[in-house]
Amino acid sequence: MLFLVRMDVNIPHDLPDAQAADIKAREKAYAQALQNDGRWRHLWRVVGEYANYSVFDVGSNDELHTLLSGLPLFPYMKIHVTPLAQHPSAIA
Amino acid sequence: MLFLVRMDVNIPHDLPDAQAADIKAREKAYAQALQNDGRWRHLWRVVGEYANYSVFDVGSNDELHTLLSGLPLFPYMKIHVTPLAQHPSAIA
Amino acid sequence: MLFLVRMDVNIPHDLPDAQAADIKAREKAYAQALQNDGRWRHLWRVVGEYANYSVFDVGSNDELHTLLSGLPLFPYMKIHVTPLAQHPSAIA
Amino acid sequence: MLFLVRMDVNIPHDLPDAQAADIKAREKAYAQALQNDGRWRHLWRVVGEYANYSVFDVGSNDELHTLLSGLPLFPYMKIHVTPLAQHPSAIA
Amino acid sequence: MLFLVRMDVNIPHDLPDAQAADIKAREKAYAQALQNDGRWRHLWRVVGEYANYSVFDVGSNDELHTLLSGLPLFPYMKIHVTPLAQHPSAIA
Amino acid sequence: MLFLVRMDVNIPHDLPDAQAADIKAREKAYAQALQNDGRWRHLWRVVGEYANYSVFDVGSNDELHTLLSGLPLFPYMKIHVTPLAQHPSAIA
Amino acid sequence: MLFLVRMDVNIPHDLPDAQAADIKAREKAYAQALQNDGRWRHLWRVVGEYANYSVFDVGSNDELHTLLSGLPLFPYMKIHVTPLAQHPSAIA
Amino acid sequence: MLFLVRMDVNIPHDLPDAQAADIKAREKAYAQALQNDGRWRHLWRVVGEYANYSVFDVGSNDELHTLLSGLPLFPYMKIHVTPLAQHPSAIA
Amino acid sequence: MLFLVRMDVNIPHDLPDAQAADIKAREKAYAQALQNDGRWRHLWRVVGEYANYSVFDVGSNDELHTLLSGLPLFPYMKIHVTPLAQHPSAIA
Amino acid sequence: MLFLVRMDVNIPHDLPDAQAADIKAREKAYAQALQNDGRWRHLWRVVGEYANYSVFDVGSNDELHTLLSGLPLFPYMKIHVTPLAQHPSAIA
């Protein structure tokens, strides 16, 4: 089941650099683990913004919320989720 | 080069049924041809809406505009394009 | 799996009365059938508006889209879907 | 009398952790007490957001405001209330 | 129980004049009857707009929706309802 | 001459408690004095929000601005003013 | 007493040309009469738009609404009114 | 003196084809004449939309309004104008 | 050449009082000097807000930007500029 | 391949002056280098705002994102990118 997710990151400028670097490193590892297990299907940077559009493939809404709220950057992101369905003209 | 595209369809209710059906049939053929040649990479329905999110893979902005403005439903759609880039945490 | 759905109805004022009445009668039957089978869990009127908030309980995004796009009023509604998850403080 | 309520939580990142934990613990107890007495009818997490949609069943606007303004997280939330009415197609 | 209601009127310019005049006459009678029975407490014109802000005093959300959806201009209005409560600094 | 005024209060969370309490006490006294002299005609709480809708009855725009900018909470509020006129269907 | 007023004109494209021309001629005469008597103090075109910003000097909200609702183009305009006050740094 | 202008075209679907074609042909000639005389400096298509961003170089606001309101498509466009100034980091 | 300018002031609450007072004093002197030389034609307070609408009469966009960016409050203001043109119904 | 880019700068008022000055100096050098090599084609100040509209000429979305995310002011800017295409009425 697919969901389009937009994430906008906003790290407070007074967060200590070491803390920010640690969060980002954990975020990267987390994102790559989920991509490897197939649930984080696509991850694209929005040109010019500290933001991404992603596509998740999960079994339920609860599973998606668990994945998203576990992101190390979750407290510093604005996230919007759009549920997707099969399109009648899609060939895949 | 990837672009996320959202299309919202709004066919006037007084368009004759036969004309609408013809446009939709041509739209479907057009969409499937572009998916087959690899330039319309993804096509998803937005749940509950007469709308889609799509990902296009094209060589230039001009090529993308030519594809989109050639859609049979183009006069009846609101389209918004977001350019995408490689994400540093993406594994693909 | 639960989804909150808001539907705003906008029937064109030049739609013939008989046609509008027919659509509304079919909409009512459709809504009641889905409530009876348990998939349309809640249906509330928004006070002062020709609109409703509903909660659907379905197995997938595709199932929800099929239900919503099958609504007789679908061509005359603006629909917005919000996926819901279990809240950690909920007792049910 | 039913009301749909959306709450978006935004805890300042420089609030001490112990204080935030205490507020959240009291929020949970408060939410569960109101669910148990039947006035907080539904409590759902919005997928991907630190937010919820809730349905309250109260006797008056004043009662609802008293409940909401008493939430331990009230100073850190944006709340929007939508009054609901019986829908003519609802079977319950 | 008080509610602030904003109504924006938008009569289609191709509605026959006689029909529009009839609707407006019935609207006026309806509004005055509700003011006389005390449920439509205030009715103010928004300066420069074909719109009003009103305050209703009703026993329930359902009663308010019944009143508003019975307005002869209801099909031609955009209505937004805000529930009001006692303010701690109010002297009345 | 009547004006509808919406005030949204946003006190910074790092304002010392004693200072906030002092401002609120002065705000309450100020609001009650203006209600007693008849210029602050109505004061209602917006359900679920730290906000109010008010109706002022003043002789001029300048008088209204003087009253509003003199509010002890003025530096911490977002205020929006809507001028009101006599409605042709109003009985008062 | 001054008010800033923005008016956006939107004449339906199927209004007969003669009727539109008549309305515009009456609008111009009306606007010039009010400028001559001093109540329509300023009238500026918004560059690139069929819109104007105006400043009115009237004795009351009711007087302003009477002037604006009497505009021949009133049924075809979106109007927004902002009340103005003396600025403490203004020299006039 | 430079201005950025965005134009969104919206031709009503019931405008006769011949009339639309005539307007577009005159629009093209008009646009090319102004580009040739140097006042319409840049004209770019917004990808995926029936819209353009343009840069005009004119001597005054009045001159710009005269140019824009003379566009054959003017009655069918939404136009927004942003005045531009020399940027301190620009090398030209 | 006329421009309508809206300025919304937002001074951070933790700016030292003496610094804020100094900025405001310099702002007032600056505003009065520009009014005296005729370029800041009108300066009105928006009722209920720490904001103003102003009309500037300058020779070019660059001149306007120089004036506005030189305002002592410039770093604490949100400014929006609308270019104005002669209105065909204006008598002045 | 052309892109219109709007950048709005928002430097936190508690950033030390020396640090802000350093960032701005590096931003200027960076902007001028990119203008000199032809990829930052146009750079205009938005009148009255700490913002610019720019046109970039790059070979790909990835190249544009690399340029924009390398801006010394990037952490303090809100950036929006609009892809541009050849306009059929453009003479260049």
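For reference, chains read A, B, C, D, E, F, G, H, I and J in written order, and residue numbers begin at 1 within each chain.
The rule is simple: contacts are C-beta pairs under 8 Å (C-beta built on N, C-alpha and C of every residue); 3 or more make two chains touch, one makes a residue touch a chain.
No experiment lies behind these values; they were computed from the predicted model shown.
Colleague: Among the other chains, which touch chain F and chain I together?
Modeller: Joint contacts, listed by label: G.
Colleague: Fewest touch steps from chain B to chain H?
Modeller: Minimum step count, chain B to chain H: 1.
Colleague: Which option, B-H, A-B or G-I, should count as the same interface as F-I once over half of the contact pairs match?
Modeller: When the residue numbers line up for over half the pairs, the pair is B-H.
Colleague: Rounded to the nearest 5 degrees, what is the angle of the rotation relating the C-alpha atoms of chain F to those of chain H?
Modeller: Rotation angle between the two copies comes out at 180 degrees.
Colleague: Please work out which of G-H and G-I is bridged by more C-beta pairs in contact, and write that pair.
Modeller: By number of C-beta pairs in contact, G-I is the larger.
Colleague: How many angstrom lie between the CA centroids of chain C and chain D, rounded to a whole number?
Modeller: That gives a centre separation of 23 Å.
Colleague: Report, in whole Å, the distance between the mean C-alpha point of chain E and the mean C-alpha point of chain G.
Modeller: The separation of the two C-alpha centroids amounts to 26 Å.
Colleague: Provide the C-alpha centroid distance between chain E and chain I, rounded to the nearest whole angstrom.
Modeller: 39
Colleague: Using mean CA coordinates as chain centres, what's the gap between chain A and chain F in Å?
Modeller: 43
Colleague: Can you list every residue of chain E that touches 2 or more other chains, as numbers and ranges?
Modeller: In chain E, the residues touching two or more other chains are 2-3, 14, 45, 47, 61, 64-65, 81, 83-86.
Colleague: Would you please name all pairs of chains that touch?
Modeller: In this structure, the chains touch in these pairs: A-B, A-C, A-D, A-J, B-C, B-H, B-J, C-D, C-E, D-E, D-F, E-F, E-G, F-G, F-I, G-H, G-I, H-I, H-J, I-J.
Colleague: Give every residue of chain C touching chain B within the complex, in rising order.
Modeller: That would be residues 3, 5, 12, 14-15, 61, 64-65, 68-69, 75-76, 79-81 of chain C.
Colleague: Going by the contact rule at the top, pick out the chain J residues touching chain I in the complex.
Modeller: 13-14, 45, 47-50
Colleague: Given the complex with chain A, which residues does chain B contribute to the contact?
Modeller: It comes out as residues 2, 4, 27-28, 31-32, 35-36, 42-47, 52-53, 55, 82-92.
Colleague: Quick one: which bits of chain A touch chain C in the complex? Just the residue numbers, please.
Modeller: Chain A residues touching chain C: 1-3, 60-62, 64-66, 81, 83-86.
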